[in-house]
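I've put the structures underneath this note.
There are two complexes below, and they share chain A, which is joined by chain B in the first and by chain C in the second.
For the complex of A and B:
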C-alpha cells in the first residue's frame, strides 16, 4: 500500500488516459455519451472555479452567472440570428463568451476589492439576482425558459457532437491554465492568495490581475454555457442557467474535493464527484440528494485538503 | 547628500489617539537612518504613513522631491520605496524561490507582461539573494514552514529583489537568534554599500542601531524627541529620560 502512495504518476500518463477517454469514450460507450459530456462540463466548472478559489484565494459562489450568461446568449443568438444551426451556435458561443468576459470585468471591478467572506457572500447574491432577473425578463422567456433549436444531425449524433465539443473545451481550458500557472501571472495569483497586503506593498498591480483571472474563468464558463444549453436543449432560469444550488455549489465542491490550487485536483474532483453522483442517481434514487449531502460532509471533514492534498501527505509519510 | 525622503510635519490620529504629531524627518540618499523610541511612540504608524497604508491627516511626504502622501502602497512600491513588517509578511504557501521570483521588479508590469515564465536570470538573482541571507538551502521549501527568524531574512531578501531605492525595515533583528545578529548587521550594511539601498531602520536593540545608523531620530508619544548622530542622540537628556534610561 505504501508503495502505491510513493508511486508518482507522470502528468503525460494521466493526460494520455484522459485523452483516450475523451476521444474513444463516445464510440466505445455511446450510451454514456451524455454522461461523459457532463463530465467534461464538470471539469470546466472545477478548473475555472479553482482559478480564483484555489489559486487566488477568492471563493466565488457567483461563477454560475457566467455560465448562465453563456446559456442565454447562445439561445437568443440562435433564435434571432436567422442562420443555420452551426453558424448560429458558433456565433452564439462567441457572443456568450464576450458577454461573460464583459460581465466578469464589470463585476470584478466592483467586487474584487472586497476580501474574504464578504466577497463570497457578495458573489452568492450575484448568482441569485441573475436567476431572478432572467426569470422575470420576457425577452429571454421569463420563468418558462427558452428552448434551443433542434440539432440537425441524426439521432444520437447530438450527444457525440457535444461530448467532443466539451472535451475540446475542457482540454483547452486545462492546457491554457496549466501554462498560465507556470508564468509570473500564476505566481502573482498565489501571492495575492497568501498575503494580499504584501502583494500590494511589493508593487503588484493586484486589481487588474484579479479582474483578468476572473475574466479568464468567465471566458470558459460562457462558452460552456452555450454548449451545455444546446446539449440539454432547454434552459430554465433557475434550474439550468443560473443553477446556483446545483452547478454553482458543485463547482466549489469538486475543486475542494480534488484539492484546491493543484494542477490535477479540480480534474480529479470533477471525476470523483460526477461518477459518485451518477451512481447515487442510479442506485439510490429518491435518496440521491441525501447521499450527496452526506458526501459533502465527508469531503469537508475527512478531506479538507482534497484528494491531492491527502495523497501528498500519504506520499510524504510513505517516503519518510 | 540630497534628501531622498522628506517627512514634513506629518500628523496622524486614530480616533482620539494621536499616533504622530507634527513629525518631520529626512532620510538622505545613500545613508542608513535609524528610528527609535519606546513602544507606542508611533514608529510603525509613521512607516504606514510613508508607505501609503493609511492617509495622513496633515503634513506632506516627499520621495525624490515628489509628494507621495496620497498614493496607495503599490504605486509607492513601484516608485522604489518599500517596507518590511515587524510581524513578517511572506507568501506562506509558496516556496522561497517563488517568493523571490514574484518579488522581482518585472512583476510590477501590466497583466499581459506577466504572462511569461520567470526568466532564468531572475531565478538566478533570487537564488543569489537567498544565498546572501543564508537561505539558499531552503529555496525549495514552503516559506510558511520557515522559522520566524528565517522568515524575516526571507522578507529582507524579497525586498532586495525588488531593487528599492529606499527600504524601511521594521525591527529587522527582533526574533533573530542573537548569534546571527552580527551577520545580519553586516548584510544590512552590504545592502547599503554594495546594492546602493538607502535604509530607514526601526530598531529596539541599541547596540545594533548605534552601530549601524549614520543618523538617528527618536520618537516619544508620537513626537520627534531628538535627531542627530548616534552619539548626540545617545547623550541627549530627553532621550535618556524617555527611552534609554540612565545606566
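For the complex of A and C:
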C-alpha cells in the first residue's frame, strides 16, 4: 500500500495515455465523441483558470466572458462573412481570439489592480453583465441566441472534427503553459501569488505580467468558445456563451478538485469532474443541477486541497 | 434610449414617479445589504448566498399566502423561518469555512447559492411569483405619480426592521457580544464570549433580515428562482460603497441604488436593468481601486 502511494507516474506515461485517448478515442468510441470533445473543452477551461487562480492567486469568476466573446465572434463572422464553412470557422476563431485577448487587456488594465475577494466578486459581475447585455442586444440575436451554420460533412463527422480540434487546442494549451511555468515568467506569477507587495518591491512589473497572463488565458478561451459554439450548433446568451452558473463555476471547481497550482491538477480535475457530471446528467435527471450545487459545496468545504494535494500528503506520509 | 432620457426630463412628475418607486424598492436592498454588512463585519465572510436567502424568504411568504394566511403575516413568518434556515446553514456549512481563506468561503457560499437556486427551481418552478397584498395604491399629482401602499409599507417595515436590529446591536447583551466579536474575536473569547454561538446567531439574524427583505420583495415586486444573485450583488455594492460598520450609510446607499436602478431601467429598458446592476458593481470596484491608487501615489 505504501509503495503504491510512493510510486510516481512518469509525466510522459500520463501524456502517452492522454494522447492515445485523444487520437484514437473518437475512432474506438464514436458514440462518445461529443463527450470526449467536451472533456477537452473542460481541460482547456481548467488549465486557463488555473493560470490566474492557481499560479497567480487571482481567483476569477469571470473567465467565462472570454469564452462567450469567442462564441459570439465566431457566430457573427460565420453569419456575415459569406464564405465557405471552414474559411468562416477559421476567420471566426481568429476574430474571436483577437477580441478575447483585447477584452482581457482592457478588463485586465481596469480590474487586475483589484485584490482578493473584490476581484472575485467583480469578475463574477463582469461575466453576468456580459450575458445580460448579449441577451438584450438584437444584433447578436438577443435572448433567443444564435444558430451556427451546419457542418458540411457527413453525419457523425462533425463530432469527430471538433473532438480533434479541441484535443489539439487542449494539448497546445497544456504544453505551452507547462513551458511557461518553467520560465522566469512562471516564477513571476508565483511571486505575485505568494506576496504581491514583495513582488512589486523586488522590481517585478506586476501589472503587465498580470495582464499578459489573463490575455493568454483569454486567447485559449476565445478559440475554445468558437469551437464549442460550432460543435453545439447553437448559442444561448445565458446558458451556453456566458454560462456563469455552469461553465463559469466548473472552471474554478475543476482546478480546485484536481489541485490548483499544480501541473496535472487541472487536467485530472477536468477528467474527474466531467465524468461525475455526465453520471449526474444520466442518473439524476431533473435534479442534476441541484446535485452539482451540492457537489461544489462538498468539494470546497471538505476537499479544498484537491486530488494532487491529497496525493502529495499521502506520499509524504508514506515516505516518512 | 435618448427618447426615454428626454421624456424623463420633460415630465418631472414621471421622473418623480420613477425615482420615488426606486427609493421604496431601495429599502429592501438596504435591508439585505445590512445583513451582508453584519456577516461581513463579524464573520469576515462575503456571503454570496445572500440573494438566495432573500428569494427563499419570498417563497415562504408566497407559500403562506397560498395556504390562506394574510400576506402581512408573511413578513414575520419569513423572518422567523429564515432565521432557522440561517442557523442551520451556519451549523452545516459556514462554521467550517469561517476561519479559512476568504476565497474558500466565497466559493462555498457561491456553491450554496447555486444549490438553493436550483432547489427553488426544482421545487417551485421557474415562474415569476408575486403576492397581492390587496392594499391598493395612492395617486398623487392627478395620477401621474402612483405609489402602491404595499411599497410604502414595505419601505416603513424595512426601515423599522433595520432600526430594531441596530438598537439590538447597541443595547442587548447578545448584540454587544456580536459587536465585541466583530472587533476582536480572540479578545472576545478570552472574556468568555462563546464566539461560535455569536457567529451562529449573527448568521441566523442575517437570514432573518433576508427573509424579511424577501417577504417585502414578493409583495412589492416579483421573485423567481434566478433573481437571487442580483440581490447578492446589490448588497455587496451597497456594503462596498457604505463600509461595513456604517448603518446610516448602508440605508442611504441602498435607497440611492434603488432609485438609480429604477432610472436606469427606465432609460436603457428593463431588459438591461440586471446588466446595469452588475456593470455598476464592476465600475464601483474599479473606481474604488483607482481612488486607492491615487491615495497611494500621494503618499509616495
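Criterion: the second predicted complex is superposed on the first by the 320 of 320 C-alpha atoms of A that agree within 3 Å, B and C clash if a C-alpha of one lies under 4 Å from a C-alpha of the other, contacts with A are read in each partner's own complex, and residues count from 1 in each chain.
Just so it is clear, contacts are C-beta pairs under 8 Å (C-beta built on N, C-alpha and C of every residue); 3 or more make two chains touch, one makes a residue touch a chain.
Nothing here was measured: the structure is a model prediction, and the numbers come from that model.
**Student:** Determine, under the contact definition given at the top, whether A:120 touches first (chain B), second (chain C), both, or neither.
**Tutor:** The second partner, chain C, only.
**Student:** Once the two complexes are aligned on chain A, which partner has more residues of chain A within touching range, chain B or chain C?
**Tutor:** Ranking chain B and chain C by residues of chain A touched puts C first.
**Student:** In the superposed arrangement, which partner chain does A:289 touch: chain B (first), chain C (second), both, or neither?
**Tutor:** Once the two structures are laid over each other on A, A:289 reaches chain C alone.
**Student:** Touch check for A:170: first (chain B), second (chain C), both, or neither?
**Tutor:** neither
**Student:** A:205 in the overlay: touching chain B, chain C, both, or neither? Say first, second, both or neither.
**Tutor:** A:205 contacts chain B only, not chain C.
**Student:** Classify the contacts of A:297 with the two partner chains as first (chain B alone), second (chain C alone), both, or neither.
**Tutor:** second
**Student:** So, does A:307 touch the first partner chain B, the second partner chain C, both, or neither?
**Tutor:** The answer is neither, since A:307 touches no partner chain.
**Student:** What is the contact status of A:148 with respect to chain B (first) and chain C (second): first, second, both, or neither?
**Tutor:** So A:148 meets neither chain B nor chain C here.
**Student:** For a test of understanding, state which residues of chain A touch chain C in their complex under the given definition.
**Tutor:** Within the complex, chain A contacts chain C at residues 59, 61, 110-111, 113-114, 116-118, 120-122, 124-126, 128-129, 132-133, 135-136, 142-143, 245, 249, 252, 256, 286-287, 289-290, 292-297, 300-302, 304.
**Student:** Mind pulling up the chain B residues that touch chain A in the complex?
**Tutor:** 51, 53, 72-75, 77-78, 82-83, 89-94, 98, 101-103, 105-111, 114-118, 144, 158, 162
**Student:** Give the list of chain C residues in touch with chain A in this complex.
**Tutor:** Spelled out, the residues of chain C in touch with chain A are 46, 48, 93, 96-97, 100, 102-104, 106-108, 110-119, 121-122, 229, 233, 236, 240, 269, 271-272, 274-275, 278-279, 281-282, 285-286, 288-290, 293.
**Student:** Which of the residues in chain A end up touching chain B in this complex?
**Tutor:** 180, 182-185, 187-188, 190-191, 193-195, 197-206, 208-209, 212, 261
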